[in-house]
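First, the structure itself, so that you have it in front of you.
So that you can tell them apart, the chains are marked A, B, C and D in the order they are listed, and the count of residues begins at 1 in each.
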Amino acid sequence: MHYLTPSSFDEAVTIAARAQGITRYLAGGTDILVQLRADIVTPDTLIDIKHIDGVHDITRENDGGWRIGIAVSGAEMSEHAALCADWPGVVEAMDLVGSTQVQGRATLTGNLCNASPAADSVPAMVAAGVTVSITGANGTRRIAVEDLLTGPGKTSLQKAEMVTAVHIPPRGPAGGDAYQRFIPRTEMDIAVVGCAVNLTLDGDTIKTARVALGAVAPTVLLVQDAADAIIGSTLDDAALDALADAASAACNPIDDKRGTIKFRTHVAGVLAKRVARIAYDRAQAAKGA
Amino acid sequence: MSKIHVTTSVNGDAMEFLCDPRETLLDVLRDRLNLTGAKEGCGTGDCGACSVTLDGRLVCSCLVLGAEAEGKEIGTIEGLADGEALHPLQQKFIEYAALQCGICTPGILVATKALLEKNPDPTETEVRYWLAGNLCRCTGYDKIIRAVMDTAADMRADAKETS
Amino acid sequence: MVEVNLWSGLRALADGHETVEVDGSTVGEVLTGLAAAYPGLKDAIDAGVSMAVDGRIIASGLTEPIKPDSEVYLLQQLKGG
Amino acid sequence: MPKDDVKTENFRFVGTRPNRPDGLDKVTGRAKFGADASAPGMLHGAIVRSPHAHARIISIDTSKAEALKGVKAVVTRADFATDVTGENWNVLENVMASDTALYDGHAVAAIAANSALVARDAIKLVEITYEVLPHVTDVDAAMADGAPVIRAGTADKSVPAGLHPNVVRYHDSGHGDVEAGFAEADLVIKDHFRTEATHQGYIEPHACLGMLGGDGKGELWCTTQGHWNVQKICSALLGLETSQLRVTASEIGGGFGGKTTVFIEPVALALSRKANRPVKLVMTRSEVFRASGPTSSTSMDVKIGMKKDGTITAAEGVFRLQGGAFPGAPMEMTAMCAFAPYALKNVHQVGYDVMANRPKQAAYRAPGSPMAAFAVESVIDELCGQLGLDPIDVRLKNASKEGTKASYGPRFGRIGLVETLEAAKAHPHYSAPLKPGQGRGISCGFWFNFGGETSVSLALSMDGSVQLMVGTPDIGGSRASLALMAAEELGIPYENIRTTIADTASLGYNEVSHGSRVTYASGLATIEAARDTIKKLCARAAAKWGIDADAVSWEDGCAVPSGPNAGDFDPLPIAKIAASMGRTGGPIVGHYEATPEGAGVSFATHIVDAEVDPETGKTGIVRYTVVQDAGKAVHPAYVEGQFQGGAAQGIGWALNEEYIYGADGRLQNDVFLDYRIPVASDLPMIDTVIVEVPNPGHPYGVRGVGETSICPPLAAVANAVSAAAGVRLHELPMSPPRILEALEKQRDG
């Protein structure tokens, strides 16, 4: 395994373009090193991106949104007050990934590109409308997070392409987002079900909404029916029940060592209601502030 | 496979070593730098027995490559005490029987030292969630949590006195 | 004579008796007496048995005294975790 | 030991809470565990393991592996002794397969190389041709007609005719007439229960460093609960004379019964002999789960009859345990512990030891007993609920006492079950108000205790300080409690005594640290060794004073003239006698070797409050109280530690821990990510109450406490979940999907 430390995105992409066999980019390493040790994936070329300028920075973009460097750890996000104020759902989703120790290393980009259907940060990013900058042999492009994921462990990145930044849109007024997951313990488990809701209010009525589900399909799902169930409502019980039904209906889960199809389908609806309430309350608070 | 030359600092001492690209920081600490205080309980970042600090940040040394230690400042259990003077957490863990077999103790001490530096007055819940990645199978955690909370109180009292 | 209660697995080896009368004043003597009276028991005894004498469990000792009126039970060997 | 010899009060040191002697090393990272040792010229070992649930080994081709630069030795079954029989054969067959790989992870070959990475790469180059065979992993399926036969002809004479060859041992005991008893009952409940296999979960994987020469002499450093046992088995498996192999026990990073046997130690020694260099072998966590010794999975039926007033009229249990691809599932312990807490006129229990394609079970803290308690205490709780009776009162009404004829035969001696029940009833927890959605459950638990071979030596240093050498690895803080007992006898401060775990070349034979025996047996031997030392000290004083040795007594660390010579001389402190011992007859060493036979059983009652989220089936533990009889708590902090640790393991077993096998018979959760032991944020503080009903079989009344604490939690949590959610779960773990399903079934009628 060749370990390389490029000092620019161009250098990184050039290395990747030339590399033979399996190539992996190393940010936090909390997935890659587990797969290496368990002989699941032993990269031939490992490109450590942590020496590239700007990868450790959280910066406010001029449209009011946020640019998250690809080596920013979950711990650094949780300690960034202004980011937490704008997007508590995205930050709490990333914060749930692994232990305190894992939080010291794991990154949004790593969690995203590992492309686990149960990744915690991804539903929250999808709900928030996050986009990512990608650079490769033939130039750079920017796509929505949900368009990056194509299946378990698979992304739409072409050979030698890499994500260079994560962009969270501006929060905008009267907005709130939230994420919860179901795990049998209180920590340290992989999500059996994950649900994120991001919404904005017009008075007490929900104006816009995005609902995303994790661990209930080969990729994270953006569930339009679920959003429609609450748009235009004041999140009354009828709207919540419709939300739950829509969330469960969108599920296409599997039976595995962590949960059954029936369980995941039911709990997706339960979480959707709980998370929507939290997002709604946060939006109300933001409206008031 | 040619080895990588790494220059780093462990507990304030400059150190150099050669390691295979696949060797983790934990392998290096234990097999090359003879610091066997960090323990391997799982090798997959699930048990926390290998906890160290990397530039002050609490991490699992089994989830960091030796090569990634280049130019970093690493803190291990061996660096907690100041000569003979134990860190207050080390002293309290002995007094409170907050350990039995002791395999998880180095990781928990490194983790709780990092906690108290960040949050000198944690609640029980905050201590428990901070330590969720440090598995202990002997104690049921009770005496560990009490030792951490009481050490925090002592350190706050001392800080008030000296300030 | 000492009355020894056998557990079911051994009864099949002692012509189906639940209890067996044996001569002996120590655990060891009683065990050798049992094996002599019912050779089928020898393998089980050699593989290791415990004995309860008047409520006290003798895991493996042979020298413990046994009174003629003692309540004696043969038990499968005690191990632990 | 007659009762009046038992000291029960005015202790000076016993009962205090000094710091443990190994504390400083453990908090500074200096303590040396199994994987912390290394040696000049050391190689690293790695083991090739079968990926199949059941497969015949057709051929093993190691040529590619041996060609890899840095590989120094390869071993297969051919490198071990062939004249091995009985349980040693089972152990050897498990340490390395002969012609059949019996479970996923079964060792087939091993390699030593000059680095861990090279060894790990090399095992991937070993080409093994398998013929995959049908497999079975479930205990009921393994007993059913047509199930694949693991190894024909293994059943012993106890097994009735007509049962499947996988049933290899049988137990049947009890007394009275259960059918008559059931007829008398106002209510009879019969339920079926299942528990999945769980692992001890010690955080330190198995690790050793072995050196074996062609001259048959060997050194072995390993993490173990019993190094004499390791010496005995390794010698048999490698064709050595036992005394030629010296085994040293490292600090042990948790064992709980799982380190009472051998898995990798013989392999390291075999590789070392072949390479003529030391070999270090350390299991990965995945190997620990796949190929060490989890406890049995069970399928149980329990039937209990009860009168309206709570009297149990009859109790019957059938306990089927699978112990992996070898005989040895602790089914007789399950059967004997099931109804032990209750004085019953009519009781009958049956046990089956069943083989399946799983790793060879090893003891896990009171092996067999927690499963029995889960089944029995759940049925009793159900009876109490339906008859509207208080669960503690019903248990008090039926509780075993001194003289009770135990369900497994003999009469109980002095026991403390009633005292634990009364203490639990009086505890504020039992009457504290509950919030909506919360439920309270209680359960009793029982485990034996036993002596086992024990050797202790106690040597004086010239300054009068004392070296206490024992042979029982310290798995629960025993170095402190043994030093306390020595201090109590010698009348010198605890700090003047250093307890060391001697290696197999430095002390007489010692049984493994298991069966909660250490504080009892090594404690008794320490007291006797100290008394032996005191006799020798008094003789030296007598000679110095020219008086009869019988006229010298020992008080507060000094020889004192007594009887006719009382007051004739000033007390002679131990340091003075020790300083001149070289010139008054030689070094002074006290020792004691025995197999103590007076162990006393330990009962417990646990109270737990749980809350269940009805929408997701998730259970939270809100409050937990352990009440257990310790006979005499020598070091209360470590007794509390055993109570809390056992409760935490029991909670994990009840809610989340299980071995998950796929249809292919392969283990699916061989990492801590999916083998879910409790984390710090899962648990509340665990309150403890130490009851002390002295055990007449120990000079200070000590009972072994290490294991009973894991017996009640499975049932106590199940009863609390039942009270909180209103549904009775009969299968462990009570995972959220299972609780949700039970709630739905109940709602839909």
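We adopt the following convention: a residue touches a chain if its C-beta (ideal position, glycine included) is under 8 Å from a C-beta of that chain, and two chains touch if they have at least 3 such contacts.
Quantities reported herein were computed from a predicted structural model and do not represent experimental measurements.
Undergrad: Assuming chain D simply isn't there, give the groups of remaining chains that still touch in a chain of contacts.
TA: A, B | C
Undergrad: Going by the contact definition up top, give me the pair of chains with the most C-beta pairs touching.
TA: Of all chain pairs, the one joined by the most C-beta contacts is B-D.
Undergrad: Taking each chain's centre as the mean of its CA atoms, how far is chain C from chain D in angstrom?
TA: Roughly 26 Å separates the two chain centres.
Undergrad: In whole angstrom, what separates the CA-based centres of chain A and chain B?
TA: Averaging C-alpha atoms per chain gives centres 29 Å apart.
Undergrad: How many angstrom between the C-alpha centroids of chain D and chain A?
TA: 44
Undergrad: Going by the touch rule set out above, which residues of chain A reach two or more other chains?
TA: 38, 186-188
Undergrad: Out of chain D, which residues touch more than one other chain, so two or more?
TA: In chain D, 256, 671, 673, 678-679, 681 touch at least two other chains.
Undergrad: Sort out which chains touch which and give me every pair.
TA: So the chains that touch one another pair up as A-B, A-D, B-D, C-D.
Undergrad: Mind pulling up the chain A residues that touch chain D in the complex?
TA: Touch residues, chain A against chain D: 38-39, 182, 184-190, 192, 257-260, 262-263, 266-267, 270.
Undergrad: Quick check on the complex: what are the chain D residues that touch chain B?
TA: Against chain B, chain D makes touches at 17, 19-20, 22-33, 35-36, 38, 115-117, 200-205, 251-254, 256, 282, 284-285, 475-477, 637-638, 640-641, 644-645, 647-649, 671-673, 677-681, 683, 685-686.
Undergrad: Considering only the defined contacts, which chain B positions touch chain A in the complex?
TA: Of all residues in chain B, those touching chain A are 1, 4, 21-22, 24, 43-46, 48, 51, 54, 57-60, 62-65, 67-68, 70, 111, 129-134.
Undergrad: Which residues of chain D touch chain C in their complex?
TA: 86, 156-158, 160, 169-173, 256-257, 260, 330, 332-333, 336, 363-367, 403, 408-413, 447-448, 450-452, 514-517, 595, 597-599, 697, 707
Undergrad: Which residues, counting only chain A, touch chain B once they are in their complex?
TA: These residues of chain A touch chain B: 1-3, 5, 26, 28-30, 33-34, 36-38, 42, 46, 48, 50, 73, 75, 98-102, 104-105, 186-188.
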